[in-house]
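Given below, in the form of structure tokens, are the structures.
Each of the two complexes below includes chain A, the first together with chain B, the second together with chain C.
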Partner chain A sequence: MGFFDEPYDLPTAADGRVEGVAKVTGGGKYAAEYKVDGLCHAVLVGSTIAAGKIKSFNLDNAKQVAGVLGIITHLEKPLVPGLADEAKIKEARLGLAVFHTDKIFFKGQPIALVIADTLEDATYAASLVTAEYEKEPAKLDFELALKNIQLTPAGKDRGNIEALNSAPHSVEAEYNIKAEVHNPMEMHATIAEWKADDKLKLFDKNQGVNNVQRTFAKLFNIPVDNIEVISEFVGGGFGSGLRVWPHALACIMAAKLVKRPVKLMLTRPQMFHSVGYRPAAWQKIKLGANADGKFVGIHHQAKNGTSVYENFNEGITRVTRLIYHFNNLKAEAATVPLNLSTPTWMRGPGDCTGDFAIESAIDELSYKLKMDPVALRMKNLALEKHPDNGLPWSTNYINECIEKGAQMINWKDRKATHSQTIEGDWSIGYGMAVGAWNAGRGTASAGIQMQKDGTITVQTAMTDIGTGTGISMQNIAHESTGISKSKIKIELGNSNLPPAPSQGGSNGLSSIGGAVVAAVSALKLKIAEYATMQNEAFKNAAAADILLSDTGVSFKTTNNHFISYTSLWEKNNLNILEVEASSGPGAERQKFAFCSSAAHFCKVRVNRKTGKVKIERLVTVSDGGKIISEKAAANQMSGAAVGGIGMALMEEQLTDERLGTLVGNDFAGYHFPVNADAPIIEVAFINKPDPNINPQGSKGLGEVGIIGTAAAIANAIYNATGKRLRDLPITPDKVLLA
Partner chain B sequence: MRPFLFSKSSAINQALAKKNNTTQYIAGGTNLVDLMKKNIAEPESLVDITSTLSAKIEPTAKGLQIGAMVRNTALANDATVMAKFPLVSKAILAGASPQIRNMASTGGNLLQRTRCPYFYDVTTPCNKRKPDSGCSAIHGENRMNAIVGYSEQCVAVHPSDLCVALAALDATVKTQDKSGKTQSIAFKGFHRLPGTTPEKDNNLPANALIHSIELTENSFAKNCAYVKVRDRDSYAFALVSVAAALNLKGNQIVEARLASGGVAHKPWRWFEAEQFLKGKTANAANFEAAANIAIKGLKPLSHNGFKVLMLKGAIETALQQCLNP
Partner chain C sequence: MKQEYNFSRRFFLKTSSALGALAFIPKGVKAFYEEVKNFIVPKKEQLPLTISINKKSYAIKADTRTTLLDLLREDLNLTGAKKGCDHGQCGACTVHIDGERVLSCLTLAATVPGKEVTTIEGLANGDQLHPMQQAFIECDGFQCGYCTPGQIMSAVACVKEGHTKSVAEIKEFMSGNLCRCGAYNGIVESIQKVAAQ
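Right, the complex of A and B next:
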């Protein structure tokens, strides 16, 4: 008997994930793991050039492989009504209309799809497909291409940026960040099955099942409800699952062609060009301050890479308007088209990039001012209102994050000038930075099913991409019902369940929490309705008057007019009680501004002989409003911090313009941090509820954990060595040569 | 991946009899399977030699014989190796990941292909993959590539850490052919420089298998170090690595060994620097002087100039660590 065959009967820890046992025992099913009768396999063939046109295919060798069921190309394909002509393709805004063009925009772009009985046959046959191309010159070098791109205003100016010219202290510098790739552990995959000509079932890796459903309903011109999307377990996303990508459409087309269920799973090398990435970025900052440290203003210029077939503006200068008082502000941005696939949102999109430049410049300025960087930030924080739209913050505890972080890392041990602490070949230093994110909320729905024994199942279509949505829903349902957690089940990640927005932009819990609270209220009212039949006291009761327990319902206090669920169910001849409710943002959005924030503190050791940077301590203190599930929240923050280490020290997608190719598109070539690169991340929360954002008072945390991390590390490297490194990642060679 | 036949062999001559141009041996498979997945190696048949070759570490009259099938993890954790040849253990543990070390064999470690991102991308020219197709790396993204011993045809580097230690310790590679004849090849002559035949990584005779590695007892066990500078601290190839070993008499260096990974198509010995250290006092000034000798005349490529400075630092660090192992 193998390890995974052993029966298990493990209780979930009291504060453990609702899906935890299933995940660690292999019981949880990820998209590609479902067993479907008659399943066959599809493998994508990528273009071997980066720009040009397909002239012809040679499919003969591939077709001769036993077990091949069909090959899709732009010349031979099943009809996709939503892409039937050029006008519809434009309207579909799919980015890349896969198999609907002979044009090549990037290397690896799918040009053919081979479907076979087995994965092995499909893989082999795919390797035999070749194409003739009409090759055109390709642009892949961001730093070269950006020079010819003009900046345009990014939002309204504040004051007059000329004021910077007379600022007594200023910093002007350029910052470059290489492209980064999400690479969640689970590779993107789809299983598509046409249940009827107009009925589609998908097991799919994504961050929002309703988005997938809507996209394909439109493309195949069928009702939304005819498409079922199941994404119950998602092995990480980091933003890569927020769009519907070409491979999912390709898989559905394949299922249409062979009239069988088809599985398509991207390979790891394909993951580098198929599901987005954080684009390369160039920035220039000019920051000025008065002698007392008060900021005079900031001029922030930013360019990010995009594809030649779609424009993706990352919003790098958004964060410039969020954290500090800048009476004079000018922001400009541009995108730089390249022969690469389209980039997309990646954890802390835009803000993470912009924040690195701003927080590095502020650190640099602090040395010029001979002022502690903590004090300099404290002096300039916009704590009362959103500096751009003028609305008062509902809550903003970024100052408390800074204070707590400084205390945790013993900031007082930091030396005010660089290169002061030396141990053998190692120089030691401290750095810090802050980050913030506009805290959002979307409209979401949740349902509750209640059984006679008092067990409830709370449901939503929202996915849990590892963020702890499930455990948080359970905690909120427990808090608002009083029913024990052991009697609360969670079902999610299925489009048959009540609709919800995608899990992204730190909006997941903020959105679904209110829906759970609303569903609980609906459940209470429904129970009160039935209870009224037995006891008039429940008549016209408000949800707040109703108290639920594991065994029954009562009015206001647990001993008042208690009716057991058993008796309620029997008297009313009930089977399952079902409610559904929606909840979303309202008038509070016109009254207040909302933000999550974090302060990051770092202690590094830098080896003067080898250039190696070791992170000795990394402290992250964040304001995410009320913390609903501390373990899951801390897990989010430490994961984000490790992502920040990757951004700071090693992640970079290299390109080769001469050959039109990505370089090192595998895990041996593209480095992200492993345990050996990260200390135990020290996480703390301010944990004060935001009274306006949603009923549970929680603000999203996913993004702020990484916004500022890279700057904190770079600033610590400066404090240790006097080397100001403005280009990420800071690999040992850069440290050595600086 | 191309479909292939798979068979097992229990004896060396049986395995050797199966070998032809379209056959490849598979032991741990930690490199070959990757190459097959990327359509770089496309054998028609694989001969599994995991039960063909010895997985034993045995004492010999002069030292130790390591069977070709000894897994990297077993070799790193062997008590005799740790006591008498700790440099071998240190080097192995600096390489790959625990999972890979559990699978990888000693013989396979020697025979793994050199690294270069373009070698791993079949859509780009590469003389090693396809002779005379051109070298993409020499004027491309060559940050990880060679700074010494390369040719116009190839600038790839040998990725092994174990081999750097074996080179430093003057190991011997024992091979066996179909007739049962064994041959001993000095480690420094086992791997090749690319020259005009970059497709050949080593001098393993045709129709022969690596039988074992032999190590001779030495006086380097006490003062040795392996320093590997890499972009991340586990599961990453070396930017540069240094195996250093000193035979000390008091403060005097009787003999020194210095070898590097990440710098050339083969594990690279710094003979002149070793020679310089002979008879010198073990101190920072002499270590730096030795490092300067090593880096003299190196010819980095367009994107790896840093390796010269890094190598200097790594040699100094490794020699220093020899004093406090």
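Right, the complex of A and C next:
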């Protein structure tokens, strides 16, 4: 059947992202989509209880299914050297050492893996695997469990929190947020192929190929370079791909067992307990201000859910220390162990949760003070230096974000008291909130390969999870070389390429941008070195003085010394010119503090009869330093705002303690915004480069787009209705009952 | 066509006799489920099928349990249609059958002979992208790209159905296609652009 092998020809370039054509034609290959000879399929079997021990398995029925190649359990499995004994398991710090324990920590925990020739056979056989358990009581109710957990200090106190007791105006309230699940559209998947006993090839969905590579090199006791990880197209992450999860190890073990390449794709219900989630959170805030609106201080307490086998502290109070002057500050936190899988970072981790409480409390305080919430924030912003470490901000334009956002939404139309604008059954209101994020940067490497015709290929191991890493690298390479974009190709998401950090925490572009600039400098110097043979003027030339064009090299200031690539290549007998360079943070980190920030403004309609909240307008203005790719950046911000709508109005992972189970673990039960749930999001940028963070001056955007969105919506609902809703998501029942 | 009839009849007979038998055997709940499982879950059976995909005829043997989505992705290496839920809840697997948008994860492969299936791979005319594909690139109607083929197949149908009179109408008729990146701005803009052409 010849058609299996037909190569799929992609139509040629169009105006947009470097991978645009591949994405709109279905030609781009995501982890589970590679054609591998001899491939078979694996399906995980999950525990049916939430706590206890496995007593025995019944695998007989599954084994009888035609096409079944093998079944892995903790009793029968291939050796994983890095998990060979209890001490090694502990040292591996995997969280859940899949198939290496008889203990059950949560419902759905993988207890067996069925491998078969086809997906249908594996799925059917997996449905026949059963186990006997020794059941133990399970805790899944966060709100019940948190009551017995003691808080401990989270960071240093500032001043004395007793000052709050004499503040003339104050707000004290509790905030509850249900767990949210990342649910990228592509379900996590791995294809594992052992090329030799000590050589492994993985097609895997993740946000950092080098992290995956290192993890498995250690577990299987083989050199890092013997593991190839390919993640060229990643169907979203939002944090779920920052860890190496049990299913990937399970797939590799399966490939070892059956001595064939194995594909494992999680099902959507499995996605809810296999790759982390944003944990449920409880918070209490006490916030005080003087009569003039100057904040006296804040007491922020927070607890978040975690699993019984790992302690995940989200860092909810981190953002409390970032945005405003609080001369008196006390932060406390705790984690609450539950019989659920371990949570992980999800877009705007910690800050997103903490910011909702702070920004809701500030809004509430503004009504007590009879002060505009915009003016109240402006009065208290810490614009000069990081309030915690005292370092001056390299740049911080959060005030400009607020001003621009207020203008865009016509903030002056907002009524100073609630419930003033009514249209039929609908109450209309405005709200706003801000968010900020410590802007980071990691050390990354990039490579460039240049051809005789002036075409360059810029390479990195970093993934592009949809943020626009590829087009941004192209833009930076174009900007710093002078070569046309059509002659700049991008290769990424492959561990054979120059190493880069994982793509998370808004660090992706901030890290790789510098590496591209460094690689371009290396390329210029190398070309100058060869050019010196033809023209002495190039001797010891500085990279900054050299200009590359589509056809040749010259000096920036004068064209007199132009040498074509063709002659350069011929004179030096060159084939492909290759350079690689690394770049990372340096002394600037001791001199400055860095943050990205955003202001979110919202106009809502709330139906008084049904409790339905409709977002009429949502404006997001952010300071992410210099914007490298405007369309992709705007897409990031509007997408984050959509995520914020989900957090505010609909996303909640419910649990049932009695049954020990998640409730509604699919898209019928777990809602995130569909197209009609969001208005056209209005996005703007301050777009001023940060001169210190990295060569291109961009600070990262992914997180700030969602930090504050939920509070802006909740604050607008209050302005519309007078109902202060402190528990997320704000579903219609909560609106009606408030 | 004959094969299809045999398959349906056999399946139906097995299922109905199982249900009939169960009414007389009170073996307790567990046994009840075992019986149901044994009869209702179809056993492996290969059917020869002739299917037309993107105007190309494929003569294949397919497992009777295989969905059109799995047939495309696992057997034919046409991975453009995506699996985002496998339950008809996300729209990532949207293809056209006889010109109408259909969820391929809820369509058994055995039901498509005699019909014309169009996937994202068949939308472009050779090197010439379909206007909707071009619009998605120009309007940046995606981020990660995973829901994109389904969005585009739905978008083409949305225009054809004439549901493009307002932003609200486009949003309503595109709400069966989830996008977790939230690229809805660009998706709506792409559809407006094509509808205006």
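A few points about this structure:
Keep in mind that, in the parts below, the second predicted complex is superposed on the first by the 721 of 738 C-alpha atoms of A that agree within 3 Å, B and C clash if a C-alpha of one lies under 4 Å from a C-alpha of the other, contacts with A are read in each partner's own complex, and residues count from 1 in each chain.
Just so we're on the same page, a residue touches a chain if its C-beta (ideal position, glycine included) is under 8 Å from a C-beta of that chain, and two chains touch if they have at least 3 such contacts.
Because the structure is a prediction, the values reported are computed rather than measured.
When the two complexes are overlaid on their common chain A, residue A:A676 makes contact with chain B and with chain C alike. After overlaying the two complexes on the shared chain, residue contacts for A:S127 are found with chain B and with chain C alike.
A count of residues in chain A touched by chain B and by chain C gives the higher number to C. Touch criterion not met for A:A87: it reaches neither chain B nor chain C. With both structures placed on the common chain, the touch criterion links A:A544 to neither chain B nor chain C.
Contacts of A:A668 after superposition on the shared chain: both chain B and chain C are touched. Once the two complexes are laid over each other on the shared chain, residue contacts for A:L659 go to chain B alone; chain C is not touched. Contact with chain B, but none with chain C, is seen for A:L736 once the two complexes are overlaid on the shared chain. Taken together, the two structures place residues 120, 124, 127, 666-668, 672-677 of chain A in contact with chain B in one case and with chain C in the other. Considering their complex, residues 48, 107, 120, 123-124, 127, 269, 425, 607-612, 614, 649-650, 654, 656, 658-659, 661, 663-669, 671-677, 731-733, 736-737 of chain A touch chain B.
Interface of chain B with chain A (complex): residues 1-3, 38-39, 115, 117-118, 120-121, 123-125, 136, 139-141, 143, 227, 229, 231-237, 239, 305-307, 309-310, 312-314, 316-317, 320. Residues 37, 41, 44, 56, 58, 60, 63, 65-66, 70, 73-74, 76-87, 89-90, 92, 119-121, 123-124, 126-129, 133-134, 136-138, 140, 142-149, 152, 167-168, 170-172, 174-188 of chain C touch chain A in their complex. Only residues 1, 3-4, 8-9, 11-12, 14-17, 19-30, 32-33, 35, 41, 65-67, 118-121, 124, 127, 182-187, 233-238, 265, 267-268, 465-468, 631-632, 634-636, 638-643, 666-668, 672-678, 680-681 of chain A touch chain C when the two sit together in their complex.
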